[in-house]
Structure formats: structure tokens, C-alpha cells
Amino acid sequence: MMIMLVILIPVIAGIMVPLIPFKKRNHMEIFLEALVILNSLLVWNLLIHRPESVFTLANFTGNLSVSFKVDGMSMVFAGLVSALWPFATLYAFEYMTKEKREKVFFTFYTMTYGVTLGISLAGNLLTMYFFYELLTLVTVPLVMHTLTREAILASRKYLYYSLGGAAFAFIGLIFLIIYGSTTDFILGGVLDLEKIGNRTNVLLLIYVIAFMGFGVKAALCPFNSWLPDAGVAPTPVTALLHAVAVVKSGAFAIIRLTYFSFGAAFLKGTWAQNVVMLVVMFTIIYGCSRAVKETHIKRRLAYSTISNLSYILFGVTIMTPLGMVGALTHLVFHAVMKICSFFCAGAVMYQTDKHYVHELDGMGYKMPCVFGIFTVSALALMGVPGLAGFVSKWNLASAAVESGNKIAYGGIACLLISALLTAIYMLTIVVRAFFPVKDFDFKTLEGEKDPNWKMLVPLFVFTLFMVLFGFYSAPIVNFLADVAAGVY
Amino acid sequence: MGANLFSNYGEAVAMILFGIGFGNLLLQNNLIKKIIGLNIMDTAIYLFLAEKGYIENRVAPIVTNGVQSMEAYINPIPSGLVLTGIVVSVSVSALMLSITIRLYQRYQTLDLDEISTRLKKEGL
Amino acid sequence: MYYMILSILFPICTGVYLLVRRDMESRKNLLIVTGAFFVVSAVLVILTLCITGNGIFTLFSLTDRLPILFRIDEVSVVFSVMTIVVVLCAGFFSFVYMKHEEKEKRYYGYYLIVLGVLVALCFAGNLITFYLFFELLTLSSMPLVLHNGSREAIMAGLKYLFYSLSGAYMSLFGLYFLERYGNTLTFSAGGVISAEMAAQHGELLLGICFAMLIGFGVKAGMFPMHAWLPTAHPVAPAPASAVLSAVIVKAGVLAIVRVVYYIYGASFLRGSWVQYTWMILTLITVFMGSMLAYREQVLKKRLAYSTVSQLSYILFGFAVMDGGSVTGGLLHVLCHGFIKAALFLCTGGIIYMTGKTRVEQLRGIGKEMPLLMWCYTIVSLGLIGIPPTGGFISKWYLAQGTLSSGIPGFSWIGPAVLLISALLTAGYLLPLTIQGFFPGTDYDYSTLKKKEPPLIMTVPILILTVLSVEIGLFPQIFINYLLRIVEKII
Amino acid sequence: MGLIQNFPAVSILLCLFAGIISSGLKKQAARYVNTILISGVGFLSLCTLMYILETGEAFVYVMGKFPAPWGNEIRAGVLEAFMALFFCIIMLLSLAGGRKKLADEVEDGKTFLYYVLMDLLLASLLALVYTNDLFTAYVFVEINTIAACGLIMIRQNGRTIEAAARYMIMSLLGSGLLLMGLCILYDLTGHLLMSNIKEQMGWIYLSGQYKMPALVTIALLSVGLAIKSALFPFHAWLPDAYGYSTVSSAAILSSLVSKGYIFLLIKIIYRVIGFEVFYESRIVDVLFAFGLMGMIFGSISAIRENDVRRMIAFSSVAQIGYIYMGIGMGTQAGMEASIFHILSHAATKSLLFIAAIGLTDVSGGSRQFIELTGSAYRNKWAGVAFTVGSLSMVGVPLFSGFISKLLFAQAAVQNDVKMLPALIVLGISTILNAIYFMKTVIRIYTPVEEHKYESIAFKNMKLYVAALLCFIILNVVLGVSSQPIVDLIGQGLAMFS
């Protein structure tokens, strides 16, 4: 019952935003922030006192039910989302002062929270699919929020891609309904080998199709072009949704599909595994190289997101418990790093309407906090030891080594190449900001300064986390290992 | 097969007629010709039915000079069907003709494609 | 124990402090503060070396398998002493030199950080710690390269950055595998690879080793990835490039020493294809470096190329894996450190006083600044390897070790190449001396006037020169110390 | 022979009489009669349904005194009764939704005719659903066609008449083939009653002779009905007919008329030819293939379309493709899926048509997308309804479309051969649906700066909104609690044989 509550509170709150006539803007802020924080607390409470039982809401058709369950994966994802959302909302309040039609924005922004929680707490494949579709629908208005022509085109593209992906994921869903003993999530898979008989190859094919289908949201290579375009949305959206909630839910869905529905044992060592792994590796490189070419800050970060998501998927495709640990670690850490760097970019855009890398010369002296934090996140993304990124990469790589899979070795090489590319596209920004060319005159940057606390607080918190995870990641990594081992 | 075909030439003819009518209805541009094709098609079917219903040297199922035995008469049902069918086809043709008249009044032509091109021009 | 951490953290913290604090009102205070920092950190390092035994000191663990730990052994001592001396000399030298550069505070800040990181590298007790500081070294020394902020300086800085990072990542690739197949990443003389691991994954491990050699070789300017050196050195301020080519590149050497002798162990690699390829690479580098230096006219570039070739002397010594050659390599680490620093500082002095950078502009320079040029000549002789300088001793050990190693082919090709490149060295270093002192008859002496650089510049140069000669005069102390290392690791 | 057993026959006769009576009435009166009639018939079919569910078996009602095999019969099973009920509901709602539009599109003198036609249409539909006699079926097919044609051209403009002409021609071709098929069938078996024919067919099939004629018959019947229900290659008439007739006609045509034919086909498959025989013939594969093509090409032409009504019309081509794909699957599950899709598509498509008309009205009557921009703000209810319809079409959970997609896919998986093509095409066509429907939704929710059209107030469209709401509810009910309905369908199919 609690589960329904945490999903419904944000949805209802979102719907109420346009209905309540707020006297002043900050009334709305307080209202929303309070609700969001409350909800996050509820979520954490829920995760800590975890109900063992499956909570079934309704029977869809036949044996398909809408049901919720809190297992390890849900704890990871729900915990992550609910931890990040209050900060993001705080940031959004400040950022959105310059945008129009705030109420619409916050309506959907808050509803998305609930839907994302729905995905993470879903107890079976159908429920997850349901919220997955819903997520697409509630985020489209956010993408097209600015209502410029390209925003509309971007939102269309986003919609087509996501729905199309879902359509193919749907095929996988069907097969699991038919050939699985149940659609609930059980670590190790639910496939029923008697039913399958000699159709193994068909099922593998279906796995690949479904992987690609969910991979659309996780910006897998052939289907990634929606993500950079969706960068036209306001930065809080880009940061939270297109760096964390939406894309991560794609990765989350793939983890569910791989480890909890098809089962790693069924897939490991098959051609299907090789295919998806190769696709993922290609995406890793592709994303980075595009990011290097890109000069628009947010688009660059978006491409970086693409490649980093494929780190996660790479961990998934290793299909060993360690691989899952690596995937989960990166899922969590990348969320923090990327949201941080996006918020920095957003802060720059908000304070100074600079959108391109080459406009950033010497900004480091004017906005030291923002760019300092940006540097930290850049180093973290590169995977400098002592920051979060290193740990997750380490886990991924050691999982790959441990799996003894030759392709996975190649994957490690991809990780490192992309780390180098990451250095290129992130540090060029940093160098520009902090080491402008000799004859650069700071007159042009008069009056640029750091944003106010609403923006800085989230940034500092995230930085803190990055460093913390970097130096002392043992507890969280152990927790994730337990999750992968199916303790919860 | 050939002998078969020869022995039931009636059906064969009906089929050929049906084909002709069908072709006309499908391919003709002129509406009137289409309707004629329609009628040919229907008639062919009635011929087919009648052929089916007819039995050698028997008479129509109308009680004349008190012969009651069933062997005297041909199968009455196809005739009934034919009658019904005729009624239907009459009404249908009537409707088609009325539509044709309407169109002709509007566009002074019987060619459907030309009409639709004109409609495109009208931009209706 | 805690001295170790202190001597690492103190320079770093002070450097950060310099970076973040507002501009100092007067340059004098800055210099005083910085000088103080230099001295204190030097003292700290010396203290650490004296009182800390070679115990392992674990700071904390990144993850349960990745402890950050420090220990001091003989290698650390050698490298850290060399580091501290050179860095200090160059540091004081730059007090004057940096007058005509802007943003001194930033310079000293990063300079101190680099010092701290270098010390940490010397003290690192396992590969992961080493890697951590290796990356930090790259990141913190980049600002020194691009210091003067001109377009090509920034480009050179980025080039340096990306070369080093790619090297670092290649070695990280190996690190991942070693973490699994080697039992531990902690350095221990003679290697940590267990026999059955070597038996099972021999080929894989060799491949990994090669990857790591290339990767760390980037910093040490080994052949395929040496291109950053000649770009980075000339644009950096002279003291910075002194530190670069005397110390920072040695970090690569140290890394290779650690990997080869303290992770894999000589016995594992000896006679493998990795060793042969490695030797070939180093020899190519030796020859190519000195050749390029010979054909280069810009003085600092010439020295940079010379660094490339000299470093590969050292690496070759290690590649041969013979007692003598390794001793020679280690000794050459010291010699080359002092000599190359001295050379760069001399160049710095010349540039500072005259602003001339190309060799052919420097006719008669010896008349203008004789002291400087004398130092230059002496250390050049050292680099060429003429007795009684240190260079002679180290090269002698190198050659003799190689000959005695009995590796087919290399045992005589190696010395030959070394000899040739020694000649080339003479060829590219001495012309400056000759032209400097004997400008020729057509040179009019009217124009020249005494412009000996100020004392604070010449003193460091003198110190370095003396050290380099001193190694040659009393080699025995050094040799004995180094032999202690060698018999552990061979 | 309980009282209730009379209801099917009674309801058909009622419709006919109502038609005759209201041809003499004013338009108000005709409308009342029609409304009462539809609801009454709906009630009757509900009673029938209840009765059958209670007794648990279908009953046969002999028209007149002749017993089988000579006489004419009506047969009512679960599925028939349910269909009748459903058709009534849809018809009622569509009429309610389109009433306002009807008033200003059809001149007053003719309005009562509209209702007369509607009565006849209902009569023929019921007959198609209930009858147990093939020739009766044929007759009512023709009546159905005539009535539908009238519904198309009641709105007087060139387009509609031309559309009507095309519609007539196509459906006459269809019914010609159908009739021919019937005759050959009669020739083969010597019966006209479905049940008798079926046992004859069974013997013929077992005896193994007359393979060729049987095949031809099946082909003729299927193709004939396929043409009439606008399966892919024969859909040329459809966009005009649905696109330009008055809205409630469009809704009813797309959701009832064509579905009536499909239902007849299913009935023939089960009760005349026999499922196994039908499955043995390769006709199923043909239907399957054309169904798939229809799914793709219908959607593609819908994407190309620049006129919202025509777009929806083309989308029904695609949807009919779905249904035929289900039939062509040749499995029980596929058949159930098709029948469920008949329901869900009926609910959704009429909803879309009516919502679309609401949107175009607040866009100056223009149906071009460019004009529709932001219309959802001018007519909120229509906007919401259209969105719901689109989501259901795209197959988003909660709505009926999702369930039919689910059933189709599940059916497909059980057929190893047709599994992959079916699933892949299903996925692709989902994407295509998403493309054109979501494009429209985004457009209607894109606000415009200058307000050239004024928005419509709620009080001017109470009935309209009520209809929309009912449709939405229907949709969601189908989507959420579909299980009982699916069971019902299964039961009905079981009763067929």
C-alpha cells in the first residue's frame, strides 16, 4: 500500500500544481519541494522497512497483473532517484525563473518522479512496461516545453523512438509471458526450458530484439539520436531525465530483462550475448567520439551520456554477478557525476547565455565554484582514482577480466579509449575556462558570477558524493554486490 | 474434365458471363457500363442457379392437373433464390442509377476518374 | 610513518593554498613564502627518508581490494633524492627566471603540487597508489607546460596531457588484469606473479606487460609515443622543462622499474618476446633521439631530443635485466637527472639574459657568460660520457652489463648503438661550447659585454654540475647502494 | 421455447418496422423512435445474452413453420448476442456524438431519412449477426450496403456522392463474389442452412473429393467479404467514404459496417466451412499476408495524409489489417484476438472520428493539420478524447488497443511459422501508428500565438462531451478489465462449433 502511496503522491501533486491558485511563486516552490522531500523520505523509509510480499494492484488480463515489489534492484534505482530528485527540484526552481509556463513544467516534472518510482518498484514485467510507456508520455511535454520548432521536432523524435523501442520490447514481453513460468522478476530468470524446447535460437533473437527495444531509451547506438536533440529541453530536464531518470530506466529495464527475466545463465556464451556486447562496445566509442566533435555544451554532455550508459550496458552484457555489480555501480555513480556536470552547464547557460564551448574562455575565473565543480566531475568521468568514476570503471573492468570472455577484454579497451576521449572532451572545456590564451581580456566577462545558493547547494552536495564514493565506496559497493547476489 | 465441361455447358456459360460482368463492373470507367456489367454478373448467377435447380424433363413446381408427387417437379428452392436475387439486384441497380444521375447532373460526365480529378480541383 | 604522509601532503596543500589565495601584493612575499615551502618540504622528505624504515603504511582502501599504501625502499630513496635536489635547484632558479613571466603564483602553486606528487610517486607502495599519483602528476604538470599561455603552449600542454593519459590508460588496462591474475598489486622485489598463474595465463600476462611498458613508456618518451617531449619542452619555462625532462619523465622510468622488477619479476620476463621487443624499441629510441637532436637547431628542442635518447639508455639498461646494466641504468637515472636539469637551467639562463634560443645565434656566448658555459661544457661532457664524469661510470656499467648478459645479438648491438649515440651526443652538445668559446676570427668582440646571470641562477646550476661530477669522482658509494637494490631484484 | 428466444427475431423485425414507420415522421419524432429503438434492441440483446449465459447453450429459432433443412432459422449464441449489444451501444454513442454536426450538414428535409437508414442498417447488422441461413445473410448484406451507401451520400456534396458510387461498386463486386460462392456451396451441399452445410462440408472434406470446388468456394466467400470490409488492396473507396460523410456515418461505417462483414466471415469460417477445413485451405495464408500488408501500407498512407479525417480513415485500413492478420493466424487464439480487436477498434475509431470533428469545428472547419494547431486548447474535451484514442491506437497500456495488441502477439507466438513476421510487423506498425497519431496529438497541443479561432464553451456541447466520455470509459473498461470479455469471446467461439 505504501508503494502505491509513494507513486501516487508526486503524480497527484503534479496534477494539483495548475489547479491550486498560488499567491506567490515561492508558495508553489515550498509546496512542491515539501512534497518531493516528503516523498523521498517515504521512499527511503519504504526501502529500509522493506515489505517482503508482492503487492498486487489489479489483474490486467489472465495471469498478467499489475503488481509491485521492493527487491534489491528497486532499492538501488528508487533510492537513487529519490535521493537526487529533491536537489534537482531545488535547482529547477532557480533555473525556471527564466522560462515561461512554469506550472505546466512542474506538473509534469513532478509526475515524472512518481512514474520513475513506478518503474523501479514494479514487481513484474508488465507493470514495468506500463510505467515505461507512461514515462515516455509524461516526459514529452517537458522536452517540448520551450515550444520552439526544434523543441517540437525533438519531442516528436523522442516520442517515436521511445514508443517504437517499447513496441519491440513488447515482443520480448510476449515471449516471456508465453515461455516463462511467470512474469515476476526472479534473479536468474523465469524461462521454462520445457516450453522452449528447440526454440532456443528464436528466444535469443527475441532477447536481442527486446534488448534493442529497451536500448532505445538507453540510447544504444543506432537509436541514440533522440538524446542529443532532447537537449533543447530546460536543463533540469536534460540533467535529471536525460542523464538519470529516463535513460537510466532504459538501462534498468535491460538489467531486469537480462538478469531477472531471461536469466544470465540462459544467455551467457551465446551469440546473442556477443551481438549485444559488440553493439554496446561500439556505442561506447561512438558516443565519445561524437562528444569530442560536438561544440554545444549540452549536446556534448548528452553524447557523453550515451557512451556512459553503454558502460552500464557493457556491465550488463558481461552477464556475471560481478558484471551486474559493475553495471549497478556505474548506474549509481554516473547518475551523480553526470547530473553534476549537467547542472554546471545549466548554471553557465543560466548566468551567461553561453551555449558553446568556444565561448567559455576564462570563465573559470569568473565562476570559480561552478567550474571547479565541473572540473571535479570531469575528472570523475575520466575515472581519475579517488573519484567515483574510477571505482565504477574498476568494477566493470575487473568483472570483464574475471568473465574471461575475449570480447569483454576488447570491451575493457573500449572503456579506456573512451576514457581518453572523455578526457579530451571534458578537459578541453576546463583548460579553456582556467587557462585562457595569453592576450585574453577579461573585460568581456564583466559581471559574470556564480549563481545563487539554490543552484550551488545541489552542486556542492553532488561533488561531495563524488569524492566520498571515490574514496570510501566499500559500503555501497558491498550493498550492490549483495543485490547482484540476490540477497534482497 | 472436358466431357464434364461439355455436359454442364450451362454452368460453363454462366461462369463465362459472370467473368464478363465482373470484368465490366471492375474495369469500365463509364458508370452506365459498370451498371450493365453488374446486371450481367447477377444474371449469370441466376442462370447458374437455374441450371442447378433444373432436372431433366420435369416441370416447374406449380401444381397443374393435380399431379402431387414430388418427382414431377424440379427443385423449387433455386427458383425462389433467383426471385429474391432479382429483387435485390433491381433495387441495387436502381440505387446505382440514381447515384449516376446525381453525378451526371453535377459534373456532366459519367467517368468516375474524371469526376474525382475535378473534385480534387474543387478542393472539396 | 606520518612523516611520509606529511611530506607528500605538505607540498600539495601549500600549492593548493597558493592557487586559491588572492594575488599577493608584492612579489617579494610570494618568493619568501614559496622558498619557505620549498625548504620545508625538502626537509620533510629528508627527514622521512632518514627516520622511516621500510615498513608498509596503508593509508586507506579505495575498495576492499585496492589499498592506498606507501613504503620506502632503496629505489624510492634514489628517486626521491634526485627529485628533491633537482626540484629545489630549479625552483630557486625560477625565482629570478620567472620574473619575465606572468601568473607566477599559479606557477609556483602547480610547481609545489608536482613536487608533492613526485614524492608520493617515489613512496608509492603498490601499483594502484602509483597509478593514482601518476595521473595526478600528469594533471598537475600540464599547467607548467602551458604556463605562458600562448596558443602553441596550450596546444603543447594538451598534447602532453593526452599523450600521458593515453599511456596511463594503457597501463590501467594492464592494471585491471594484474589485479586479477597477479595475486597482489603490492610491490615486492622479485615480482608477485605466482607460478601457476604464470603457467596458466603466461601469454596473456606477457601481452599485458607489453601494454604497460608502452603505456608507462609514454612518460619516459619511449619510441612509439615520444612525440610529446619535443613539443612540450621548448614552450615550457626553462625551470619547468628542467623538472620535466629531469624528473617527471623519470616517473615513467620508475613506473617501468616497479612493473618489471617489483610486479612481474625479472625471472618471468627474461628471454620472453616482451624483453626483446622492449630492447629493440629502446635502442631505436636511443639512436633516433640523438639523431634528431643532432639535426635540431633550437637549443631546448635539441635538449628535449637528447632527453628522449638518454632515457632510453636507462630503459635499455633495465631491459637487458643484467645486474650490471641495471646498476648502470639506476646510476644514469641520477646522472641524467642532474645533468639534464643543469643543461636546461643553463639554457634558461641564456634565454633569460639574451633571449636567444637557436644555436647558431649563440656564437661567442662563452665570452659573455663564461661561468654558465663552463658548467654547460662540463655537464655536456658528462652526458657524452667522458671520464671522470658520472655519465662515464653509468654508461660503462651499462655497456659492460650488456656485454656480460650474453643475450644473442643484443649483447654487442647494444653497446655499439650506445657508442654511436654517444658520438652523436658529442656532436649535438659540443658545438655550442666550441662556438661559444671560439667564435672564430670574423667575430667582433666589441659587441659583447659581461652579462653573467645573477647568483641565484648560477648557484643551482653549479650545485647540479658539482653533483654530476661528484658521482664520477666517487662512484663507489652510489654503486654500493645501487648494488643493494640490484641483488634484490635480479 | 422461452419468451426470450423470440427476442433476436423480434429485434430485427422491430428495426424494420421502425424504419418503415419513421419514414413517415418528422425529424424529431424519427430521432426519438431511432433512439428508443436502438436502446430497446440493446436491452433485448442484453436479455438474450443473459439468457444464453444462464442456459449455457445457443438456441435456434425457426422462422415460420418450415423446420430445417428447408426453413429459415435464426441462431443466437453468446457471441451473437454480445455483438448485437455492442453494436447497439456504439451506434447509440456515435449518433449522440455526431448529432450536432448532423444538424448542420444535412438539410432538415432529409434528416428523418437519415434515421430511417440508420434503422435499416441496424436491422441488417442484427440479421448478419443472428441469421443461420446463408442466403438471408446475402440479402441483408445487400441491404446493409444500400443503407451504408445512403448514409454516405446523405450529406450532399460531390465528394460524398462520388465516394458513394465507388463504395457501391466495390461492395457490389464483393457481394457478387459472395453470391457466387454461396451458389457453388449450395451446389456442393444442397443446403442453405449453416449447420447443415457444415456437416455436408465435413463429409466432403473427409471423402476428399471436390477439393477444387470447395477451395474455390472458400476463396470466393473470403475474398467477397474481404472486399466489402476494405481489406488492404480493396480499400480505395474507404478514405473518401469515411473522410467526407457526416461524422456519425463515418464512425458507424468504420466501426460497425465493415465489422459486420468481418463477423459474418468469422461465422462462415466456423459455422459453414468448419475451422479445420478453412485452416487446411491456403486461403488463411493469403488473408494473413494481405493483413500484414494492410497494417504497413495503411499506416504509411496515413502518415502521408494531410487531412485528419482521411488519416483516421487510413488508420482503419491498418486496423482491419490487424483483424485479418488475426484471422489468418489460423489459431483459436488469433480468432479471439481478432474479435476482441473488432470491439476495441470499434470503440476507439468512433471515438477518434467524433473527437476529430470536435477539433476541426474549432479550427474553422478546416481539417488540415496546420489549422488544427492548438485546437486541443480550444476544445479541451475533444483534445483529451483524441489523445485517449491515439494512445489506445498506439497500444499504450490502460487502453483497449494494448490488450488487442497483447492478444495478437500472444496468438502469434503460438504459431511457429507466422510468429516472426507477425511480431515484426506488429512492432513496425506500432511505430507507424505512433508516428502519425502522436504527431497529431503534439500538434493539437501546441499552443498558437494569435488566436484566430474562438474556443467552444462546455454548455454548447453537453451531449457531445457525454458521448466522448462514454467512449473513453468504454475504452478504458476494455483496456483494464478485458479478461471477462475475452472469456466471453472464447465461450462464444466454442458455441459456434
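Order of writing sets the chain letters: A, B, C and D. Residues in each chain are counted from 1.
The definition used in the following text is that contacts are C-beta pairs under 8 Å (C-beta built on N, C-alpha and C of every residue); 3 or more make two chains touch, one makes a residue touch a chain.
Model, not experiment: these values are computed from the prediction.
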Task = Could you leave subunit A out and let me know how the rest splits into touching groups, if at all?
result = B, D | C
Query = Centre-to-centre on C-alpha atoms, which chain is most distant from subunit A?
reply = B
Ask   = So which chain ends up closest to the centre of the protein, judged by Cα positions averaged per chain?
value = A
Note = Rounded to the nearest Å, the gap separating the Cα centres of subunit B and subunit D is 28
Note = Cα centre of subunit A to Cα centre of subunit B, whole Å, reads 68
Remark   = For the pair subunit A and subunit C, the C-alpha centroid-to-centroid distance in angstrom is 44
Subunit C: positions in contact with at least two other chains = none
Query = Which parts of subunit D, given as residue numbers and ranges, touch two or more other chains?
reply = none
Category of the chain touch graph - line, ring, star, complete, other = line
Note = Touching pairs of chains in this structure are A-C, A-D, B-D
In the complex, subunit A residues that touch subunit C = 379, 382, 384-386, 390-391, 394-395, 397-398, 400-402, 412-413, 416-417, 419-420, 423-424, 427-428, 431, 435-438, 470-474, 477-478
Remark   = The answer for subunit C against subunit A in the complex is residues 60-64, 66, 102, 128, 131-132, 135-136, 139, 143, 146, 148-151, 154, 157-158, 161-162, 165-166, 169-170, 172-173, 176-177, 179-181
Message = Which residues of subunit B touch subunit D once you look at their complex with the stated criterion?
response = 18, 21-22, 25-26, 31, 34, 38, 41-42, 45, 48-49, 52, 77-78, 81, 84-85, 88, 91-92, 95-96, 99-100, 102-103, 106-107, 112, 115-116, 118-119, 122, 124
Ask   = In their shared complex, at which residues does subunit D touch subunit B?
value = 70, 135, 138-139, 142, 145-146, 149, 153, 157-159, 161-162, 164-166, 168-169, 172-173, 176-177, 179-180, 183, 186-187, 192, 244
Query = Okay, in this complex, where on subunit A does subunit D touch?
reply = 58-62, 64, 126, 129-130, 133-134, 137, 140-141, 144, 147, 152, 155-156, 159-160, 163-164, 167-168, 170-171, 174-175, 177-179, 199, 202, 205, 209, 213
